[in-house]
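The same subunit A turns up in both complexes below, where it pairs with subunit B and then with subunit C.
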Partner chain A sequence: MMRTRTPLYGTLVLLLLAFLAPLLWALSGSFKPRGDIFAYPPRLLPDPFTLDNYQRLFSGQPFWRWFLMSTVVALVATTVSVFVCALAGYGFAKYRFAGKRLLFGVMFSSLSVPFAVILVPLFVILVKTGLGSPWFALIVPWVAPAFGIFMMQQYIVQSVPDSVIEAARIDGASEFGIFRTIVLPLLRPSLGALAVWQFLQSYNSFLWPLVLVSDSSQYTLPLGLQTLFVSEQRQYDLVLAGAVIAVVPAVALFVVLRKQLLEGLSTGAVKG
Partner chain B sequence: MFPAPPTRRTLLRGALGLSTAAALTACGGGSTTARTSGDVTLSLWTHDPGYEDFFRMGIPEADRLTDFRYHLDVTRAGPGDLVTKLLAQAVAGRGTPDTIGFEIGSFPRMLRGDIAPRLLHDLTPDIAAVPGLKEDLLPARLAPYSKDGGLYALDSDTPMVVYYYRDDLFSKWNLPPDTATWEEHAELGARVHKDHGASLCVVSTVGSDAGQVVQSFQMLLYQRGGAFFDAEGELVLDSPEAEETLRFLCEGLRTGFVIDISDYYGAAMQTALKTNKVVGLPMAIWYKNYGLVPNVPEQKGRWRVRGLPRFTKGGGVTAALGGTGFGVVKDKANTEAAVDFLLNTWLTHDGQVRRFTETGYLPTRRSVYEDPALNATKDDFCGGQQLFKLYRSLLPDVPAFYQSPDQSILFDVLAGNLLRAYRGDVSPRRALQQTAADYRDQAGR
Partner chain C sequence: MTTAVVGRARTTDERTGDSAGARRPRRTWAPYLFISPFYLLYVLFMLIPIAVSLWLSLTEWVGLGAPHWVGLRNYRNLLTDISFHRALGNTAVFVLVAVCAVVPLALLIAQALNTRGLRARDLWRTAYFVPIVVSPILVTLIFGLLFDRQFGLLNSILRALFGTGGVDWLGDPGLARVSIALVMLWRWTGYLTVFFLAGLQNVPRELYEAAALDGAGRLRTFTTVTLPALKPVTAFVVVTSFIGAAQIFEEPYLLTGGGPAESTLSVTMFIYRAAFQRQQFGYAAAAAVVLFVLVFGLSRLFNRLLGIGRASA
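Presenting the complex of A and B:
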């Protein structure tokens, strides 16, 4: 008997629409006059269509600076953290050293500590050591995330055979050379997944920039957009326009790393 | 009988309070040379761009009245975020502002332990030094920012609660706009709902914002003569007035006199206003500028404001809701300059007049209510109504307003129990009893 897949596809389409609906609503609202955003009955297509929200977003506040700050900080944090996580994960996965289990246990248990708990101590340390400048301090909390190190360690244990490393050593490769030329290429799928996750963590971060930055021209996007929403004057029109633009880097990164991300996420899902 | 051992929560809170106090102590005491004149750039933190505009426009007046020439460096963030940021910066020992605006609901965090006295300048002697000022300031607006005889912020407003109604629809539907009591108004509201599908009162049910859920009940409770806390910060919620008020709202929800809206300021309310589902509501005076004007600008000229109907069993014709107190961080080079700036912009007669004309916030000095220019002001959004005269007539009824360091705990537990009562899951009496029990359990007092 032939089994139709229509119900499955129907369900998937409905789920897709449910997930896309908020984004579509935001996109539509960003092109509507303020008074029409919550008009009843709701209209998906803007009528009248206006670019006024975007014009006011760019002219009324340093939006481009917020955008640039967020994007640059997130890209740098992602690049550095992916490298650090891979290196640390490799160390935990393939090297034997005194206190390894203890160190890994401490690192792993730090996953259960909310960031808010370490916020003030971290801030004090950076200030007291003279490293509290926004550009540096905005990146620091993201460069060695425990989750990333754990993820890399797990992936390396599963996917990088000891024999390959031993063979490279016999061929005279240096330890860092082995990591750079053999291990890193094998990690590409999981690095993509980690990069997307790490980018979003840094890009969406709110609490840390809030504490760290006081100059509004150095705000990150979440912080800047929130200033449009404070007090009782909730400027939905500007916030929606800003949110639509804010989505772009994350979507672009996903498109670029889509292949690696899907491979990374599906690793281990199929029996080898 | 032995006293009950402290709960884990109490111990944690104690440890947190001690560590914060210790950290604040450690960061204090740094030597700063106080500026007494000349150019000074004040860092100002606020959640509201309206305040930024106000203070910038006040610079010439402050320059004229003081020995300083002021410049402002403004940082904006959410009301609760500002307090978080302030405490973190204070512990780190750098980056604190000179002046900061505390939204009234966020200020209780400063009342915990001795955070306020350690971190903020006590404005009491500065006010006492200006002849007649202390007697002129409304005590009801000093109480929320006071602790142990010290005053740590100056309020932005006398935020009376009034009744907003759609004059055009009231006329069209032949509704009397001047019902004397809430009970009559509720009967009228039930008929309006039956005939037109509209409501004359609103409660907020936004689950993620406990403060907003509590506001709906708080306004009428304070009007009725009840309160959350007394002057010592002790809980006085479980009272006959509170039960009566909550029962009134719950019955209103059954008849349709009251409508539940998920957000006073957001989509749901805007839709309800636009579709004439809400044609009247009790709210603070600032709601005109922050709720109605931005959400339904097309309804300009159709709204009117009046005092609240009275409760038959007692109470006044207004309450208080909201406000923002501006405080000064102590022991900084700019502390004196910041105090002078506040006194010479925020508290002068002209400054208080300007505050109303520019931001819609009512004066906190009694004498300013006699200002002829303010009394002649007409409001276009409310059809040319002379609102200030109305507010002046309500002034004697503004109730005192006390806060507790544990207010956030009360709001969390009260919001949940209010929603249960609104849904009919528990009786009003039970909801209040449960709130008091939950609060005492969690706050440890």
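Presenting the complex of A and C:
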């Protein structure tokens, strides 16, 4: 038994190292003095250990502004999109109505529209109509994700029993009342999964903020970090420190809700 | 994929419909109200932009003043634009890497993680998934440092092992593509593994037992039991990674700037460059329409070829 399993665990560990090594290297590098980051052989633990990179990041860059911008935008986008998806997912999962097949197909096929296709027109529309303020425009691309509706619809079909809805209907509850008081609470695990996913989509986005935001005080985190990287003196030390902080909210959210997320993501695919 | 889902949704409806008697009139409007926020946003931020894109693609516009109607000229120019051809070719290479390397590797890892009695399966799954949680920009920044010609960790390791480092990971046209492929592999494999693993865990155990009784070996079991059972997941994974890879942007933009000699220029980068660096909005829109037609058309084709939706057709 032990002998046959050793190659399996060996391979898995090697893969694990390949997946995590770049991140661990970045984490460790962020605590090294600039000159040590590229030292060879690479040291796993920083020696000497320094917080200097972080201090210079906070003092020399509007880092917290970038952080706040990203986080607030992502939170608003997540809240709106999760609500929109739950509503529409419920509509598709539990009702029968004329045009449903077509409407569902239209929604679903938008999954195959690359973002680059709407990049230019979205920019033009928002700037021309004066809605190009980052607080509004940064949120826009993430508020109506077909993927989220599909995920909700799948989950509702599987886990919200019709009998519960019927019982509430007989008790005289309104349709929206049923959704709010009965369906939403039942959806909690999958709402968590969808929320994490949507948060990551918005928080990690780069191309749209790159196009939209020109004022450096309104940069999102990815945009701000990019300026450190492409600047003349390639501030690797600051980049690594910034990368470590930027990744904290994303990884923290993921760790807390990973079970729901991993299962939620695969519900649609497995039985699709 | 679409039709399969609709088909299933319909059967559920029939259940709802059968059990429901009361309050018919109100129920006819409720679903439309529920889906209307989505369609409102969908029209505003998806359909209108696509329409504007089509219209812009027939104009010449520098971003100021009125667009100037030029008919199909932008498309004719794209036909002879070597940069655009390179962008299409490079993107095709990235798509092939995603579909022919990332997808099979993810399946292999999922297969390993699905081994019976494997300890800490969730831990492995979580760890492999982490790269997709990290933002693409951070990934490319970190890999940019690893690939650095002078100081990068990769070259340091090569120097230590073989005495020669100095590999120009991002400066050589062929290697630059390989480097970007490596980043894709790192970023996407764990994500796709999650789907395959979920699919594998859904294969009824009796099927494996039956195969074992028939004396099927590992390979035969894999081709006759595992692969057919994974068909829906595979279809989903292939189509998702195709769509994802077809719009690759961050990796080439940050790692190589599309170079050297446009060897890593992707279509999305081409669109970005045309619109926001060269103020050729009409031309960028035309390239976007071509991308749209290719991705939309091919993903439909894949759906059909992979046999999804056949059941409900």
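Methods note: the second predicted complex is superposed on the first by the 228 of 272 C-alpha atoms of A that agree within 3 Å, B and C clash if a C-alpha of one lies under 4 Å from a C-alpha of the other, contacts with A are read in each partner's own complex, and residues count from 1 in each chain.
Methods note: a residue touches a chain if its C-beta (ideal position, glycine included) is under 8 Å from a C-beta of that chain, and two chains touch if they have at least 3 such contacts.
Computed from a predicted model, the values in this text were never measured in an experiment.
Engineer: Does the subunit A-based superposition show subunit B and subunit C clashing or fitting?
Structural biologist: Overlaying the two complexes on subunit A (C-alpha atoms) leaves subunit C and subunit B clashing.
Engineer: Classify the contacts of A:Gly60 with the two partner chains as first (subunit B alone), second (subunit C alone), both, or neither.
Structural biologist: The answer is neither, since A:Gly60 touches no partner chain.
Engineer: In the superposed arrangement, does A:Gln226 touch subunit B (first), subunit C (second), both or neither?
Structural biologist: both
Engineer: If we overlay the two complexes on their shared chain A, which of subunit B and subunit C does A:Gly177 touch? Say first, second, both or neither.
Structural biologist: So A:Gly177 meets neither subunit B nor subunit C here.
Engineer: Let me test your reading of the model: by the given contact rule, A:Gly35 touches which partner, first (subunit B), second (subunit C), both or neither?
Structural biologist: first
Engineer: Per the contact definition in the header, classify A:Ser214: touching subunit B only (first), subunit C only (second), both, or neither.
Structural biologist: first
Engineer: Could you say whether A:Val157 touches subunit B, subunit C, both of them, or neither, answering first, second, both or neither?
Structural biologist: second
Engineer: Per the overlay, which chain contacts more subunit A residues, subunit B or subunit C?
Structural biologist: If we count touched residues of subunit A for both partners, the winner is C.
Engineer: Could you tell me if A:Gly10 is touching subunit B, subunit C, both of them or neither one (first, second, both, neither)?
Structural biologist: neither
Engineer: Of the partners subunit B and subunit C, which touch A:Val120 in the superposed model: first, second, both, neither?
Structural biologist: Touch partners of A:Val120: subunit B and subunit C.
Engineer: After lining up the shared chain so the two structures overlap, which partner does A:Phe92 touch, if you call subunit B first and subunit C second: first, second, both or neither?
Structural biologist: second
Engineer: Can you tell which stretch of subunit C bumps into subunit B once we superpose, 43-51, 79-87, 187-195 or 223-231?
Structural biologist: The one stretch of subunit C in steric conflict with subunit B is 79-87.
Engineer: What residues on subunit A does subunit C touch that subunit B touches too?
Structural biologist: 37-38, 40, 119-120, 123-124, 207, 210-211, 226, 229-230, 236
Engineer: Which residues, counting only subunit A, touch subunit C once they are in their complex?
Structural biologist: 8, 11-12, 15-16, 18-20, 22-23, 25-26, 29, 37-38, 40-42, 83-85, 87-88, 90-97, 100-101, 103-125, 140-141, 143-144, 149-150, 153-154, 157, 162-163, 165-166, 169-170, 174-176, 179, 200, 203-204, 206-207, 210-211, 221-222, 225-226, 229-230, 236, 239-240, 243, 246-247, 250-251, 254-255, 258-259, 262-263, 265-272
Engineer: Using the touch definition up top, name the residues of subunit C that touch subunit A in the complex.
Structural biologist: Within the complex, subunit C contacts subunit A at residues 1-6, 8-10, 12-17, 19-20, 22-23, 26-28, 30-35, 37-39, 41-42, 45-46, 48-53, 56, 63, 109, 112-113, 115, 118, 122, 124-131, 133-139, 141-146, 148, 151-153, 156, 159-160, 186, 189-190, 194-195, 197-199, 202, 232-233, 235-237, 239, 243, 246-247, 249-250, 254, 267-268, 271-272, 275-276, 281, 284-285, 288-289, 291-292, 295-296, 299-300, 308.
Engineer: Could you pull out which subunit B residues touch subunit A in their complex?
Structural biologist: It is residues 23, 43, 45, 47-50, 74-79, 81, 84-85, 87-89, 91-95, 97, 265-267, 270-271, 274-275, 286-287, 290-291, 294-298 of subunit B that touch subunit A.
Engineer: Show me the residue ranges of subunit A that touch subunit B in the complex, using the header's touch definition.
Structural biologist: 34-35, 37-40, 119-120, 123-124, 127-128, 132, 207, 210-211, 214-216, 223, 226-227, 229-234, 236
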